[in-house]
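By written order: A, B, C and D. Residues from 1 in each chain.
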Amino acid sequence: MSLTSPLHGVVPPVCTPLDPRGEVDTASLARLVEHLIGGGVHGLFALGSTSEVAYLTDEQRATALETVVDATDGRVPVLAGVIDTTTARVVEHARSAAGLGADALVATAPFYTRTHGKEIAQHFRRLRATVDLPLFAYDIPVAVHSKLSPALVRELAEDGTLAGLKDSSGDEGGLRRLIVELGGREGRANSPAPRFSILTGSELTVDAALLAGADGVVPGIGNVDPAGYVRLYDAARAGNWELAAQEQERLVELFAMVDAGPEADMGRSSSALGSFKAALQLLGVIDCGDTAFPQIQLSAESVALVSRHLRAAGLPPVR
Amino acid sequence: MSLTSPLHGVVPPVCTPLDPRGEVDTASLARLVEHLIGGGVHGLFALGSTSEVAYLTDEQRATALETVVDATDGRVPVLAGVIDTTTARVVEHARSAAGLGADALVATAPFYTRTHGKEIAQHFRRLRATVDLPLFAYDIPVAVHSKLSPALVRELAEDGTLAGLKDSSGDEGGLRRLIVELGGREGRANSPAPRFSILTGSELTVDAALLAGADGVVPGIGNVDPAGYVRLYDAARAGNWELAAQEQERLVELFAMVDAGPEADMGRSSSALGSFKAALQLLGVIDCGDTAFPQIQLSAESVALVSRHLRAAGLPPVR
Amino acid sequence: MSLTSPLHGVVPPVCTPLDPRGEVDTASLARLVEHLIGGGVHGLFALGSTSEVAYLTDEQRATALETVVDATDGRVPVLAGVIDTTTARVVEHARSAAGLGADALVATAPFYTRTHGKEIAQHFRRLRATVDLPLFAYDIPVAVHSKLSPALVRELAEDGTLAGLKDSSGDEGGLRRLIVELGGREGRANSPAPRFSILTGSELTVDAALLAGADGVVPGIGNVDPAGYVRLYDAARAGNWELAAQEQERLVELFAMVDAGPEADMGRSSSALGSFKAALQLLGVIDCGDTAFPQIQLSAESVALVSRHLRAAGLPPVR
Amino acid sequence: MSLTSPLHGVVPPVCTPLDPRGEVDTASLARLVEHLIGGGVHGLFALGSTSEVAYLTDEQRATALETVVDATDGRVPVLAGVIDTTTARVVEHARSAAGLGADALVATAPFYTRTHGKEIAQHFRRLRATVDLPLFAYDIPVAVHSKLSPALVRELAEDGTLAGLKDSSGDEGGLRRLIVELGGREGRANSPAPRFSILTGSELTVDAALLAGADGVVPGIGNVDPAGYVRLYDAARAGNWELAAQEQERLVELFAMVDAGPEADMGRSSSALGSFKAALQLLGVIDCGDTAFPQIQLSAESVALVSRHLRAAGLPPVR
């Protein structure tokens, strides 16, 4: 499904279910895609950070993306993360993703290396020139350890290199400035030109981002409750901001599951990803809640905590 | 004016005008207070970061606070920053502020030293026990280099140590989680208990913070356009979120003045503070736009840029 | 004692003993000065980070400095830390220190505020111009959160603003580059001009710093074992690097006391300062090992651990 | 060449020469290996950060490693970097490196993801268990954004997971503590057990590291002047520390070439790598000084600056 209009709405980063041996569980992944599309989402983001892309071999990445594309069957656009250290490696992922039928690419700035703004610009331009798919910049300093400057994003938006931005920087003030510089809420809505698409990855302030003029959201916990984020989005589009905020509050409460794993025993990222997968298993969507090696797995006690969060949010576990 | 109800609304951190010798210009400061109260603000925060508190001697701090208290004359509550490295030094500022008539105190975690959460809790408890004024925690990692954990804030809110939080952490997601944990939008609004007051220092996303359930805002650029922030606040209180967002966008554009000073020549903080003061001078509120030594001053060219930002925002300079 | 020759050798940052009420224990402090001078040190640094300067009120700072100056009685030079957020406040401390008889001043870059290199240069120049004492720059990013650039230090060394540098940045490679740029090991040793004095605060690599051409060291744990650092220094000066390294190893082992306090219960800084003071109490030098509020105190178990470290290093406790 | 004794001495991270199209220039790389072995180095580290490993595709990595192994022909051990985000991906590189004849592997902690100490331990243990080659931990926080804790390194040293450490953390004090905990200078030298090998990546303080008891060094600028580092190492082994320090000073001066590229125009890493490659081209060792895309290339002016640094260090360019 080509991106004929700007990408908008709820675009969850699709978790990658694994079997107990650590291989991609394609049947579970196909069920997860169905769960998400059934929840009304507007697109899918495969091979993102929440998909544990950094833990998957190239072969596993291909399996996961192929499964998502096939299960989606053109009903919504599929974005593919092409996450690697620098341009040459990212281009290889991009070619693979294009061959597997992705509708758009999502790339970060170079990482591991220390890079300059001019080098980051060259990186995105080369990517766009080499593989002919809409390109989204993925601003995620917690992983990449540099922040895309608003000036750079604006430059690459205006010259057509980027089709959009997935902003996981947590810098909501900076995002607001960028939106204003790109035309503002009304200016962007009424522009005749194809619009640069701004998606927030800040899943706890989606009502705010939409009020500010963002086009959509990429919520990790949208794996667990896609319909909740769709309700939030619909309320916002209808101008019912109180209802949007109310739904956002429910999702904030649900999100507390990310702290299920004790901080002394495991990383915050492992705890969060583990809780999403545990929730999906408890809801009967996927077969096994394991996260990829070397992440520490949630204990039974932590999974019970996830279960309680689900119940409290009106999402009763089926197992 | 004692804080009988939770502090709410627009509470600007009051700039400290200086004369060309670097001393507090009390006449200009009194005019600034009038400008702010005339703009409809709900409180004043003296001796905050935007007040250049870190640049003022104890004597200058006292002069500034006394001037604000006198000029305010009980029309709105006056909060006083008590900014210093650790408890014993902060207590001295707190006693001085109480003696000068402040209605509440605003204190950060210890800085310069490296501190533990348990030590920060002891710090706030000792402060509260020693000086009998409502105490606000000032979460400003960019200055203090530690972040107040939500668990700690909640603990100190629930045991009555803190009357409120001024959140300048930029972590809007974390603030949302805190608000939900403290009762949420509706729960907090309807609570019979005296409410913990949550003020955001993120001046570019105030509509969002109010939608999330924050009580008010402490906007640096509110020195320049207090009436704009009051309109934003009123629209939000009236549930007119589109209008609030529209006003916020105008203020985001105005805020761009903070980059008036070239990055190669001066710090970002000096440029921002310099632009606020230059704007106040251009608007005829204060006599001299100088920032405190050793900050680099804005060039005439940069001041001209500030002037253009004022005009564009509908605030024509008078000089 | 004026600094007629470049400062060199072992210059411990003098701990500030407190009584159980938290006031400066001047008798203990005088005994500590005797302990240090008796150990052969070449200078004393009062009111540094290890002196808990950030925890002391202005009055307590004056008491501590006066006590050190009096007890020293001109036998070695006394440097005084003038630690505060910005220039105007630092100048007040500098005037006080000069009045109390300090032989030199030690100042950091501005902190709490965010500052530019040009502003830091103005800061040091104003300080030097205002109070006529040799001025040392104190590079301590862990407290101040900016690093003095080698280019800036060199500029301020060459124009005579700075008499020396106390480098607690931990950037040994950068320090090596600076030494080479300032003439190198031999060049500096043979220079007819009054020499810029380079003191390292990296107490675990003093042999290395001296081999590189540094002039001396400011070791926190030198409070506990001044004679050990003096032996290290003397061995290095004699060109007996193997002996210097052997002594350094013994001091590294002793230094392990800084982890006496459990990480879950207290900050690393509180644990380190607490261990130094506990050791001084165990050695009979000071009466009470308390650190300043709000720091958590070492438990009896932690103090026992400090005691074992003393014994292992050949410094048997007397209580 | 199997690592029968602990790795020691000078082990440069081998630059990867590229042709103007960006492909590995195997003829230049073979000449570089000859240049290094001719300079007397004790081992070679292929596919490290200085080798631009993060910029090379898997195929280019294989070509580079194969070329180094073939050109070395068993004269010194060849270590291979296996740099990727997490275990599964690193294992693939490790298998490839083993197949290509590497004598040992060098792996970092996971990156891009946020990881916990227990997860890092699992990561190294799985690697060691999966590919039967000596394993070195590569501590490089500037790239990986986490620091290996001394306790973890010690645990993995003592249980035989790790054969050694390449420490590019810049934390010389921490390294000193680790060496002391692992037996100290003498203890380690006289131990009958196979020794854990400690190599510093801090190329400006090699004399210091060797004095502290490190076994060797992995100097990026050792590509340019391998013989200089070998002289430094030999002087240290002979106990001639003054000579070692003198040689180190010359190398510190040479190292200043890393700032050849203007900071406004390119990253510090690109400038450093570009200067090494420019120097190798000027010395006639490699054909083309280009760094990998998207790095900015040094200007002719910057290359001229590199040339002057070579001359000043007694390494006259041949072109």
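Just so we're on the same page, a residue touches a chain if its C-beta (ideal position, glycine included) is under 8 Å from a C-beta of that chain, and two chains touch if they have at least 3 such contacts.
Note that the structure is a prediction, hence the values are computed from the model and not measured.
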| item | value |
| --- | --- |
| Shared interface partners, meaning chains that touch chain A and chain D | none |
| Far-end chain from chain D, centres as C-alpha averages | B |
| Interface sides of chain C and chain D: same vs different residues, half threshold | same |
| Chain B-chain D separation of Cα centroids, rounded to whole Å | 49 |
| Geometric centre distance via CA averages, chain C-chain B, whole Å | 36 |
| Chain D, residues touching no fewer than two other chains | none |
| Every chain pair in contact, whichever chains are involved | A-B, A-D, B-C, C-D |
| Contact footprint of chain A on chain B as seen in their complex | 170-173, 176-177, 180, 184-186, 202-205, 207-209, 211-213, 239, 241-242, 245-246, 248-249, 252-253, 255-256 |
| Complex contacts: residues of chain A adjacent to chain D | 22, 49, 54-57, 60, 83, 85-89, 92, 110-116, 118-120, 122-123, 126, 142-145, 265-270, 292-296 |
